[in-house]
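Listed after this line are the structures, all set down as structure tokens.
In the two assemblies presented below, subunit A is common to both, partnered first by subunit B and then by subunit C.
Now for the complex of A and B:
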């Protein structure tokens, strides 16, 4: 068979639009999910089982089921449950944000736990009040340590966002599949889309490594 | 919320769901076997001293880690038959796509374990006159496996969840069966909730086991 990769370039505008939509969903859900995930990680440290158990269950449930099911559940079931029509964009953002919240809360929890107990002891010895301890001693270190895994979470969110094509959102994956079907050239277009995803995600994963080796060594340890 | 739950329609569909579950388990288990074995091999390749072996192996890993799993699956299903002019049955193809994806992730997981094998052990291998394959199989592999086990198991769970993606290319796994039941019976809420619970019930015990293992390793390190 004949492969002609030049044909991809005549569709670059459509592909760029798809990429823009993918990036828009990724960035907005990453920001929303990180904030919610941070709050959730604080809730999970609570002493009351009434808060700890439901939040823990939420995290386990979203980490223990495929994102595709979560997406379909929110897309098809939420309107049935509440008897309202939810626009597709909203339900997709909701699904990705809930997923990001769950994985991010685990990241923050790990970072908060990574602060050695000696620091807590030192705060007690110095008579630092508990809220001051949290704000001036624990948070700054924990947040810095959470940066690399948080970035990795954003990369996985970026990859997982390809799933929204299955409910008909015209993201990069959807556009790529559409063009490959209509031109009957799946090899060229699907490979091109793969390369585009790679070109966005790969530098980000490298950045994680750079931050870990350079920034954290200097400031957090 | 005034929705009437009705699970009666499911009674006639248990057979179909069971068949779907079997396909999902088959995909997940075989991909894990592929990923555990090839992952170790690939990890050794990335640590090879020759640049021309190291570099393609690393590229393979990065490419699978930096592109969506859905795209990989769609690519395998559409492009492999066209490129090589072969017909592969859908489940084998699913195992191939998921297994290679897991191989890339597992190779990264093994790497830390392989690098953590103390220099002295390798010297001891030389002293004892072990052949390279004996060193790899009896000295490096067991230690790497032990260190990497929690991550390998977590990767295994995530491949179980990624296996739901094959539903999009019409492989009749649990997700696909659920999707078609939901459309036929017009009962998405009950069906999708049930499917989600099945996936959850499959992954929760393994996730708990991983936590237990991690705690054990932490205490072992603290000692």
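Now for the complex of A and C:
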């Protein structure tokens, strides 16, 4: 069998389109999921069990089941159970956002809890109370500490988003698989797709390290 | 021109170092325990004058830090009363469970902690001006002007835009003192503020405290440094098991303690030093 990696380049436009769709889903669901995850983390700190228990259940449910099941459930079961038709793109965004929300709410909750009690004491000693304390002292520090795990979450989401190809969204994975089938060159195209995923994810994971060593050492401890 | 002052304005009071009485602060029958086993303030009584510098000494677990944390409103008491500047400040039987009753009185107390507790995400300047702007309603220009003055007096004007992580331990602790002084407190609490410092940085922090003492700032200091305690105290209070065992001028406590418990404690710590 002869391998010819040059053939990949003649399909670069199709692959680029797939990558663009993957990135579009990743970015939009990462932004939506981070905002919702942040708000959810605040709800989970609530004293009322009526808020705390359902939100906790949601997070555990989405962290404890495979994303593929969540995706299939929302894609296939949601329309049946509720008798509504959901466009494929919407159900995919919904699934990825719900997943991202669950994992980032844990990230933010951990970051909020990691602020030492002395910071709260210092605020009390200075008379900086309630919203002033939260806005100027606690949130900024929690957000700083949440940046590295948040970026890791985004990298996970980017890679996990390959699963949306299984419901027929023409993302990078879907496109790569299709071409490899139609050209009967799986080695070339699946390898190429892997390399593309890696080239996007690797700088992001490196960035996490840089932020941890430079930014956090200077501003967070 | 007189030397620059760290303290903005202080009430004038005649200085009587030997007096144990005073109506600046009065603790009456104060009770605080953590669960059943550990009583840290056992019907404690203590008085303080406006020009007093109390140094509290005693074995660990004797409630020294708890006293400061209660005065600052960080922890509550379960019984007794505390008055501050003649007004009821904390009531162990009140509905708010022994926390400060009056926020304005609370802001007249400043505290410096063992581990600096600067805000790491803010520059030195922002650390100093946050509370004056949000609590006292100063404009940013006013607060910045004030911060520059305090930093200049402490020899830290070059660190205005530095972040806490870029400062030495001694510098951090001096910034923490400046941050507390920005609110013009009537009482300063120091909770083992040199315990986390490298030996060569202890003096620079103690010098600032001595300067405050010269300017008649009322202070309650918890320290393990007996040499410093002797230098700065107007009165030394020896606490054990949540009670005041003995108090008096430093010369008397350190050379002729009356109580056997005090003598025993001092022999131990001075020997270790």
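In the analysis below, the second predicted complex is superposed on the first by the 221 of 221 C-alpha atoms of A that agree within 3 Å, B and C clash if a C-alpha of one lies under 4 Å from a C-alpha of the other, contacts with A are read in each partner's own complex, and residues count from 1 in each chain.
Note that contacts are C-beta pairs under 8 Å (C-beta built on N, C-alpha and C of every residue); 3 or more make two chains touch, one makes a residue touch a chain.
What you see is a predicted model; the values in this text were computed from it and never measured.
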Note to self: With the two structures overlaid on subunit A, would subunit B and subunit C clash, or do they fit side by side?
What the structure shows: fit
Note to self: Just to be sure I read the superposition right, which of the two partners does A:4 touch: subunit B = first, subunit C = second, or both, or neither?
What the structure shows: neither
Check: Of subunit B and subunit C, which one touches more residues of subunit A?
Finding: B
Next item on the list: Determine, under the contact definition given at the top, whether A:126 touches first (subunit B), second (subunit C), both, or neither.
Entry: second
Next item on the list: Could you look at A:218 and tell me whether it touches subunit B, subunit C, both or neither (first, second, both, neither)?
Entry: second
Check: Does subunit B (first) or subunit C (second) touch A:72, or do both, or does neither?
Finding: first
Margin query: Using C-alpha centres only, what angle sits at subunit A with arms pointing to subunit B and subunit C? Round to the nearest 10 degrees.
Written below: 100
Check: Touch check for A:186: first (subunit B), second (subunit C), both, or neither?
Finding: first
Note to self: Looking at A:118, would you say it contacts subunit B, subunit C, both, or neither? Reply first, second, both or neither.
What the structure shows: second
Notebook entry, point to check: If you take every C-alpha pair with one atom in subunit B and one in subunit C, what is the shortest distance in Å after superposing?
Noted result: 16
Checklist line | Touching both subunit C and subunit B, counted on subunit A across the two superposed complexes | finding: none
Next item on the list: State the interface residues of subunit A toward subunit C in the complex, per the touch definition above.
Entry: 118-119, 121-122, 124-128, 132, 136-137, 140-141, 144, 217-221
Margin query: If we count contacts the way the header does, which residues on subunit A are in touch with subunit B in the complex?
Written below: 1, 60-61, 63-70, 72-73, 76-77, 80-83, 155, 159-163, 165-166, 173, 176-177, 180, 186-187, 190-191, 193-194, 197-198, 201-202, 205
Notebook entry, point to check: Touching subunit A in the complex: which residues of subunit C?
Noted result: 69, 72-74, 103, 106-107, 109-111, 113, 115, 117-121, 130-131, 134-135, 163, 165-166, 179-180, 183
Item checked: subunit B residues touching subunit A - in the complex, by the definition given at the top -> 1-3, 62-63, 65-72, 74-75, 78-79, 82-83, 85, 157, 161-165, 167-168, 175, 179, 182, 188-189, 192-193, 195-196, 199-200, 203-204, 207
